[in-house]
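Below, subunit A partners subunit B and then partners subunit C, in two separate complexes.
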Partner chain A sequence: MAKSLWMEDAVTLHELFVAGEVRATDIVEHHLERLNARDPVIRAFLHVAAEQARAQAAVQDRWSPAERAERPLSGVPVAIKDNIVTETMPTTAASRILQNFYAPYNATVVDKLYEAGAIVIGKTNLDEFAMGSSTEHSAFYPTRNPWALDRVPGGSSGGSAAAVAAGMVPLALGSDTGGSIRQPSAYCGIIGMKPTYGRVSRYGLIAFASSLDQIGPMARRVRDLRALYDVIAGPDPRDATSLPDTTDATPLSRPWRIGVPREYFGEGLDPEIRHVLDRHLSQLRAEGHEIRDISLPHTRFAIAAYYLIAPAEASSNLSRYDGIRYGFRRESRDLVTLYEATRDEGFGPEVKRRILLGTHALSSGYYDAYYLTAQKVRTLIRRDFDDAFHTVDFVVTPTTPEVAFRLGERSDDPLTMYLGDIYTVTANLAGLPAISLPVGWAHGLPVGVQWLAKPLADHQLLEAAEALEGLLPPVRFPEEVEG
Partner chain B sequence: MSAAFDVIIGLEVHVELKTASKLFCGCSTAFGSAPNSQTCPVCLGMPGVLPVLNREAVRLAVRSALALNCTVRPYSKFDRKQYFYPDLPKAYQISQYDLPLAEYGWVNIRPSGQDVKRVGIRRIHLEEDAGKLNHLGQRLGDAVGSLVDLNRAGVPLIEIVSEPDMRSAEEARLYLTELRAVLSYLDVSDLRMEEGSLRCDANVSLRPRGYTGSLEELPRVEIKNVNSIRNVQRGIEYEIARQAELLSRGERIVRETRGFDDVSGRTYSQRSKEEAHDYRYFPEPDLPPLVLQSEWIEKERAALPPLPDAIRQDLIARGIPDKDVEVLVLDREAYQYWKEASPAFSDDRLLVNWMLSDVSRLLNAQGRTFGDCPVRPRQLVELLTLIQEGTLSGRMAKEVLDAMFETGQDAKTVVKQKGLSQITDESALMQVVQRVLEAHAHVVEDYLSGKDKALAYLVGQVMKETRGQAKPDLVNRLLKEAIRGGQTVSG
Partner chain C sequence: MGLSDQEILHVARLARLRLTTAELPGIRRDLNRVLDYVSQLQALDLADIPPTMHVVNMEMPLRDDVVAPSLSVEEATKNAPQVEAGMFKVPRIVESEGGGDDG
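For the complex of A and B:
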């Protein structure tokens, strides 16, 4: 084998493959080799589909240049978060209750990946049912941050973020309910995007909170992210909440009007991260863009609203794991005991905590005070953004208030962990597209900046991100923390 | 019923809609297939699946709502009703809670000897059916296991909730019968209670005279899953008696759900409301709100077929007796049979009379309905026309009808084959009359001496000679003429 193909970005790999300069088999072998070297420590993957990937590569190597070219991701290895269902690989959502579960169908995005020629390398680790911000809540094992092995990669798409950051794959799918793509992307120094709610089909995404969940792309380069976004986005007749193909085609005019919401720069933000953000904003100003101080006054209620709506929907979505039809079952003498024992042993503590929260929030007598009030707050947050986008094109915030924390540091402190979602949940509550870009370093760890745009302005956001890439630190690999 | 109470009854009726596919996926809704053969990831509640609303189900539900005089909401939404049970794959049923598809309708019922009474419909909403459990064992209590069949899971249902307007088991029966009749003309459901495509739960309370509180606060008993209209009536009757007995002994009525045992005719306690579920309804996030354009609703309204109340008026105007009108209206197939036959025949009373007596008798004997009657409306009209023309007597026509049922042949063919034509030739018949008179001279004497019955005997003899093909009134006249003529000759 020639030079290390795992260091290349996705679009370059595809182009080399189309030009016949490398074989898909070589691309796959390089990545598997990298994976085998790094993953025993990082543990980004729950399932590695090496044989399937090799078989796919062998097939693609027989394709003509035209066949290779007409599939935008041919020759490109991709990882899939393990809460997106796949027929030929297990799908566990990192839960014991779905251990060894094979879905009888592929998620729409998985079909689209295969259709686009992507070579699926495997399924990545996550917090059980995507509930968590550290990937420590996986029922199987935690994933480590490739930049600091004693630290979390973030979550819940921590496996995908770590795999991309460590060079095991150039592209991965994540899912984002309250920041689950953007926060691990920030912690691992990669790019992650949550599209506008409804832009990417949720069919086959194991539901956590249906009105907030969105699948999105993760990559090291914006160009790659965009290529993956273009493959997975679009209406799906199987998802009634997917939107018709009406992206906002208004071309982005310069200079950009950039809103900086003061609520996102207050107490709790690590001063070093603030410093990195300030430098980013001065660069933007130097580029001629207009920076505006704005207010999103209802931000302070966002975490409270999010931690009512998301668990409420989760409590309902997770009811189907009852041990009757599939997944883990604890045999018992009667039905109620079977339900109780199955769910007691099948779910981990964080999942149980959220099911309890959500069940309570929907209970008769509490619904109005909790769920309904939270929905009203959600409307107010959406209005905050509507108002803001009358005067600005983008809103720029830190992705997280802190850098990646140490493994185990937050295990007994769920509340602090929930508060870490403060900058990301609003995009889910308002349905906006948002992207996290690696903007610098603090305490020797990656820092993410979050860019938000108005609903359906996904392409403008990607366009801006591509233009910004020159301002960002160059792509690096965490070789220095080897071991 | 003791005069100390009013009976308050409200019914919840579930109707399976006759769509080809389920409410939220593409699986077939056909009844009676092998267990779990009509399932897919969506209706099995597999991880990651999403519902997509079946538009045809919405159309059939709206059609039903309009026919039942409801106001269809331009904006309604779906909600999740949550509980754990093995027949409910997602552990929630997608239903409609606070914004149902339609509200404020009614049907008219006709309690005998009373004026037409309006029974209100509070709401109609669209929801998915659950699967079926087949318990291995005699009863649920001692079942050794249960088999889950999810073919029915996700089949579209409408739930029709009445106002508590019925005051007797009979009124409840009439309401159900009328409701079923209205729906039958819409062709929205198979309406088979025995197959579960029509299901009824009855809420029964007794309101003491002088009670001024709200109906909601009265202890209410819900009788669940009764499998025929007759048994709904029986269950309610039993429940009224049971509650009246309790009240008369000064005991409290417990709010509960009761089953009906059709062998003993009794209701039995299943579950008290104290242990009832908190369904934790909340808006279904996987489905956008259901928005219906008023133009579309009006188009559906304009496409409604004639419904029982209008049909009744029409039939009564044609002079058909009330009792027959009811039978026709409540049996859509009979009505459609009549409707096909009627334009070709001048005497509606005779037509209806034949349909509801002789044709019905033969259908019942063969376990058939008017929908698959071997004698088609055109053929019945031909037969009745032969009676009208005097070619067949009523008695002969019955014989012909029997043969038509057997062979499916037309009336004229049967008449020809059997040589059954009625003798209308007076001279031919007169010869027979003369023969009979000669053979029964003593009977003629009886008649002449004033015994009127003697003439009937003579008529009978002529009919016998002609194998029934003579027209009785003609025979009568010819006999009298011959006897009178004979007197003149001999006298």
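For the complex of A and C:
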């Protein structure tokens, strides 16, 4: 069958559009057609902005070749995770408390997308307020894994991952607080990156855990990922934690020194995933790179530290949802009853669990034992990585200990769900850039390999990912393996 | 040593969440499993370890103190459930003391 436009990667679509070989209108129509065929089952989107996308495409079709060329994503359809605010589309964070909320402004990354000519197709599903690893905690409906419809796409950026994997869009934005870009990217067989903390503005990202949250790109090809990263990265006066433009331009010299931390290959790792990772490491060795056994000894404390810090910060951030200034309100006689009734009806069970846990961890008499202790453990985890990056350029690990699990399999067991984040939370705790790449298959499902670099080495990480893309299996679409 | 129902209800009140008696056993089980798991951190000697308050060492940036455009009152209140005269409307906060007017 002839290659349809929805199968093309983002950079190719942009180039075809600049060359005048295809119209933006055709690109958008092909992707909407694909979305309409697949999304009734996969349910990656919470909101599809078909008319806005068509209008944007029609405007771009009148642009001159020069106007098309100066905008690096002109003609390219993009999806946005629904915890990133948009002025012309609703933003719900997959929560009832924000149902029908229209932000009065765009997130900085959204403004940057429009300036770069990206055509925004819609808003994607997530676990409510990005709290979860399966997208089953969406208040509206779960998203399904395009590779196995009875399995989860991962989370919390599960809608973005599924949309990219299924060919509904070539690019999407996600957010990553403990692995929420990388884990669904691994489960859905795509590429996802969490940049260095502060590299991408968080202005307009609905806050979950402010010391950990980071927006990042998701794609099927590394050069697409890089194109999107280049558009969204950079300082923003509206985000005081955004980093100054201190690009580390040190060129990457070969061979690379690659650290393999033994703590990430121990008990709990599916042997088939281990096998896929071993083959990846052998290929790297055959390419002339140096593989070193390293230790990150405090890894085993990472989940405990993360599940104190993230809920503590979340409990504080989510105190703003009180039914007064925006969102859902349950009318009541007095103010306290109004707050409680609004929050009781507006939040789902996982969000309530985390608010309770975090409120307890910050409450009088417990702060030192919980939040402060966890922040000290975070220092130990950072030091582990600092030490490692004295002797290696990259650290390579599995992205997840297991492949995508079945819908419903873990929804009654929060702790088991949390433990699945073991390989991804450390990058957030230490602020490091990390990428998950689709490296192979286990049990017929995608497997991700995670590459981590030192803080600010985002460019080196992208350069490495681009160089090793040739070692990865070719891009496929789910139905090619279905029958 | 886990949290009792009484303690959980106290935390819920601090967080302005209402828990029903039906929800309580499940919440207690889930919270206590997580608290039991995180208690492993108590085994570490952290006396000389500073906490991480920011992952990237940087100075607090200060913007120039100049007036810049901001949201209009209309835009800022457009999502509010109840607005009156450009203000967010809430139920009465102070109890009236017999016979006063509504203001």
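Note that the second predicted complex is superposed on the first by the 476 of 483 C-alpha atoms of A that agree within 3 Å, B and C clash if a C-alpha of one lies under 4 Å from a C-alpha of the other, contacts with A are read in each partner's own complex, and residues count from 1 in each chain.
Here, contacts are C-beta pairs under 8 Å (C-beta built on N, C-alpha and C of every residue); 3 or more make two chains touch, one makes a residue touch a chain.
Just so you know, these numbers come straight off a predicted model, no measurement behind them.
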### Message
Going by the contact rule set out at the top, does A:T359 touch subunit B (first), subunit C (second), both, or neither?
### Response
both
### Query
Should A:Y326 be classified as contacting the first partner (subunit B), the second (subunit C), both, or neither?
both
### Message
On the A-aligned overlay, A:V85 touches which partner chain: subunit B = first, subunit C = second, or both, or neither?
### Response
first
### Query
Who wins on subunit A residues touched, subunit B or subunit C?
C
### Query
So, A:P104: does it touch subunit B (first), subunit C (second), both, or neither?
both
### Message
Quick check on the superposed pair: does A:A19 touch subunit B, subunit C, both, or neither? Answer first, second, both or neither.
### Response
neither
### Message
By the touch definition at the top of the document, which applies to A:A58: first (subunit B), second (subunit C), both, or neither?
### Response
neither
### Message
Contacts for A:L415 in the overlay, against subunit B (first) and subunit C (second): which applies, first, second, both or neither?
### Response
second
### Query
When the two structures are overlaid on chain A, which partner does A:A430 contact: first (subunit B), second (subunit C), both, or neither?
second
### Task
Could you tell me which stretches of subunit A are touched by subunit B in one complex and by subunit C in the other?
101, 104-105, 211, 237, 240-241, 315, 319, 322, 324-326, 335, 339, 359, 363
### Summary
The answer for subunit B against subunit A in the complex is residues 41, 44-53, 80, 82, 84, 86, 89-92, 148, 278, 280-282, 285-288
### Task
Going by the contact rule at the top, pick out the subunit A residues touching subunit C in the complex.
101-102, 104-105, 196-198, 211, 237, 240-241, 243-244, 301, 303-305, 307-308, 315, 319, 322-329, 332-336, 338-341, 343-344, 347, 352-353, 355-357, 359-360, 363, 369-370, 372-380, 382, 414-415, 418, 429-431, 455-456
### Summary
Contacts from subunit C onto subunit A in the complex sit at residues 3, 8, 11-12, 14-18, 27, 30-31, 33-35, 37-38, 40-42, 44, 46, 49-56, 58, 60-61, 63, 71, 75-82, 88, 90-93
### Task
Would you tell me which residues of subunit A are touching subunit B in their complex?
84-85, 91, 93, 98, 101, 103-105, 107, 202-207, 209-211, 237-241, 312-313, 315-316, 319-320, 322, 324-326, 335, 339, 359, 362-364, 367, 371
